[in-house]
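To start, the structure under review is shown below, and the notes come after it.
As written, the chain order gives the labels A, B, C and D, with residue 1 at the start of each chain.
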Amino acid sequence: MLAAAGGASAQEGMRPEMSEFYTPVTTVVAPGTDMQGGGFTAPSDAIVLFDGSDLSAWENSQGGPAEWTVADGVMTVDKSKGDIRTKEKFDNFQLHIEWRVPENIHGEGQARGNSGVYLQGMYELQVLDSYNNSTYVNGQAGSIYKQTAPLVNAMRKPGEWNVYDIIYTAPVFKEDGTYRSFPRVTVIQNGVLVQNNTTIIGTTEYIGFPKVRAHGAGPILLQSHGDPSEPISFRNIWIRKL
Amino acid sequence: MLAAAGGASAQEGMRPEMSEFYTPVTTVVAPGTDMQGGGFTAPSDAIVLFDGSDLSAWENSQGGPAEWTVADGVMTVDKSKGDIRTKEKFDNFQLHIEWRVPENIHGEGQARGNSGVYLQGMYELQVLDSYNNSTYVNGQAGSIYKQTAPLVNAMRKPGEWNVYDIIYTAPVFKEDGTYRSFPRVTVIQNGVLVQNNTTIIGTTEYIGFPKVRAHGAGPILLQSHGDPSEPISFRNIWIRKL
Amino acid sequence: MLAAAGGASAQEGMRPEMSEFYTPVTTVVAPGTDMQGGGFTAPSDAIVLFDGSDLSAWENSQGGPAEWTVADGVMTVDKSKGDIRTKEKFDNFQLHIEWRVPENIHGEGQARGNSGVYLQGMYELQVLDSYNNSTYVNGQAGSIYKQTAPLVNAMRKPGEWNVYDIIYTAPVFKEDGTYRSFPRVTVIQNGVLVQNNTTIIGTTEYIGFPKVRAHGAGPILLQSHGDPSEPISFRNIWIRKL
Amino acid sequence: MLAAAGGASAQEGMRPEMSEFYTPVTTVVAPGTDMQGGGFTAPSDAIVLFDGSDLSAWENSQGGPAEWTVADGVMTVDKSKGDIRTKEKFDNFQLHIEWRVPENIHGEGQARGNSGVYLQGMYELQVLDSYNNSTYVNGQAGSIYKQTAPLVNAMRKPGEWNVYDIIYTAPVFKEDGTYRSFPRVTVIQNGVLVQNNTTIIGTTEYIGFPKVRAHGAGPILLQSHGDPSEPISFRNIWIRKL
């Protein structure tokens, strides 16, 4: 839509805050409980990406071993090791992933439990401690980062597990590299709908307009963000091809 | 789409099985577990339709009291009392509902735990014991009845609770009573996607083609089906307006 | 949606009129004029399918020569020769086609200038003399045959040229042969919108429900209908790949 | 999508060229001819907005008389009088409009026959002499200004009439002022598809990101642009409510 690949020179002078929006303010909704604070385990046709034991389904951004910490059935970001991504690539999928920021998390705004789930390695579903933590609405947890704010703020407090259930429809491209059909995504956080078949209009860009860049199947990428806050953890990750 | 209100005479001779389809066969997927066999409880902005205590949010089809059985935090169909529906009417919503067929269920095909969740009182999301129970694919649990088969068969066995998480987009009508935009629905059963932003093409009809009939907000209706099998139960029902 | 390939036995007893609908009645709109009663000629990037000279872009249903009559810059159906189709196959396209029923046309209902433009060889945009000619609304000119009535009846009278401008989006299929995305079509007849991004729910069937059948690129097929009325003519046919 | 109403301070430092994109380059397509260089005249159910005689259907931006020049069946921008808009407001519609830049047009880029057709007074379909005139692709004729480039460049040369046939679907808003469904538009220029059911992501902004602002029915507005080039003309304007 908006942006094609080019326009580089026109983007000079763009600053990150130009794509940060603060209204309408997102309503806070306290999610319900499930009995143990977790979502569904993998159904029989799912590819298990992380069951608590090891990172064998993952690699780092250079294709080497994924070296985040695994302990007690949980993987935790090691900020010295960078992002990790699945070895397998995906098109259309249903993805389940759970994440938790430490109970003793410090920092504020984007510097508080910042991470992200990149769909097809291109489009970021934001992960952040948005519990009593103010930031731009299209940068809080559940947002399509720098694009679409979540419908509500359905955060659990630090130390508790958050659950994302994601239904993703991959884009189809025309020969000129523009979208024939856009990527779309539905996200349920802790049982509460936060993205409702949202059209993704381009790649996630920290600065400037989303871009349109043709691509095929891509990995699920988990972000190791440089913010100085305590690292976040993930568990119970599985995906089903649609 | 297909059908407008009329065409009554043309529909003579239609039989129910004319809109029953058997292929492609739906793949069976064993759903994952959540720790207690239930889904999320109501978030803070939900309207609780049934929390286990009483049927005060419901009425029967004549607007009188809903008289299904309530015991042990569960409501159970009383087939002598007919359908029940919410007193409140809804447009766009997220609905959570759990249902269970008795462990000792008897019968087969459509005569085995048959019920349904009617969206806006018009469009049936089928409820049926489809665990090791063969029937037409657009009539099994998770189907938009007589329209769209579920993507997979994600049933739990009799005696266990099934969970439906439903995201519903109401239709918009033109002045002539036809759809400007069609109703659409996403359904997750037991954590497994079974309807993916499916377009509903008209009313649920036991015989013949779906019909298009203009309507406004409508209730959630639970079906008391005349099949002779043991009655099914519901629990943990809540809805969020979108 | 509705129908997968099967269900053959269930379809026994289906009669053609079961999928014929008569309401809401389509409003008659007298189209405007263009100065010569014709639409745009082919733009520079179009594939010219018929420019008045010959049928070299066409073949019959067996792959042999297309043997309809060509005279005076116009092709006319030869009912003894059957349907014709383009040799080339298409996916997404913009199609321009003009058609005319003879000034002295006889017959009524479906037996009056009946033909059709089959998109990808599967989905029929109806051609019929619907000028002062009553039939089921989902069978008149501008309908997606036996599915969706035109928004209005924008017919010109016999002897005058009708213009169809068609924008077609091909379906995308999943591996199981069902639609990942449905075919969609916009049709402008004589400058008047008659189909507005209509979802096509399956193949055109004379009897019974539309079917879902996986396919790739397909031809434009023009129907030689067996009705006894005088044969119709076509001119100025061009297509642009999208 | 992107932007809600706010974020004003964040938008400081935005410059117009930040939302101007130059790739992929738009292919030039020479449109076909119709016999007289014009499109269809108004069908019987259309509201005629300009038939060549007077501006009685129009007003200026303050609600006073529209004072552009009318001569020889054509209206021509009077740049001293500002924009004009229809007195009547519209939701969903089909709009036909023809426009012509003078044969002796001077200037280049955006300073060459610049005008625009604002849908519901909010969303600009760009009008510009894009014949052998280079500018950013999302600013050329047929673009949704500063959002989506046309599929191809289907311009006629100065002195000839260009035809826009526009199918517009109005947005539906949620109570918080964000889109429940986005505006969408299809545009055919000179018989060539240039926008194919394009999603409009927000208001047209010269500087910065599109904004989301709730609105109801709105007028068709024709822009009197301040560029110093010779003024453009319009004729044969009609609209049909959908």
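By definition in this document, contacts are C-beta pairs under 8 Å (C-beta built on N, C-alpha and C of every residue); 3 or more make two chains touch, one makes a residue touch a chain.
All values reported here derive from a predicted model rather than from experimental measurement.
Look at the contact of chain A with chain B and you find the same residues on each copy: over half of the numbers used there are shared.
Farthest from chain A in terms of Cα centroid separation is C. Separating the centre of chain B from that of chain C, both taken as means of CA atoms, is a distance of 37 Å. Taking each chain's centre as the average of its CA atoms, chain A and chain B sit 32 Å apart.
If you average the CA atoms of chain A and of chain C, the two centres end up 45 Å from each other.
The set of chain D residues touching two or more other chains comprises 242. Interface of chain B with chain D (complex): residues 92, 172, 174, 180-181, 242.
Across the complex, chain C meets chain B through its residues 1-7, 10-11, 13-15, 17-24, 136-138, 147-149, 176-178, 182, 198-199, 201, 208-209. Note for the complex: chain C touches chain D at residues 27, 29-36, 38-46, 94, 96, 151-152, 154, 165, 167, 169, 184, 186, 188, 190-193, 196-197, 238, 240, 242.
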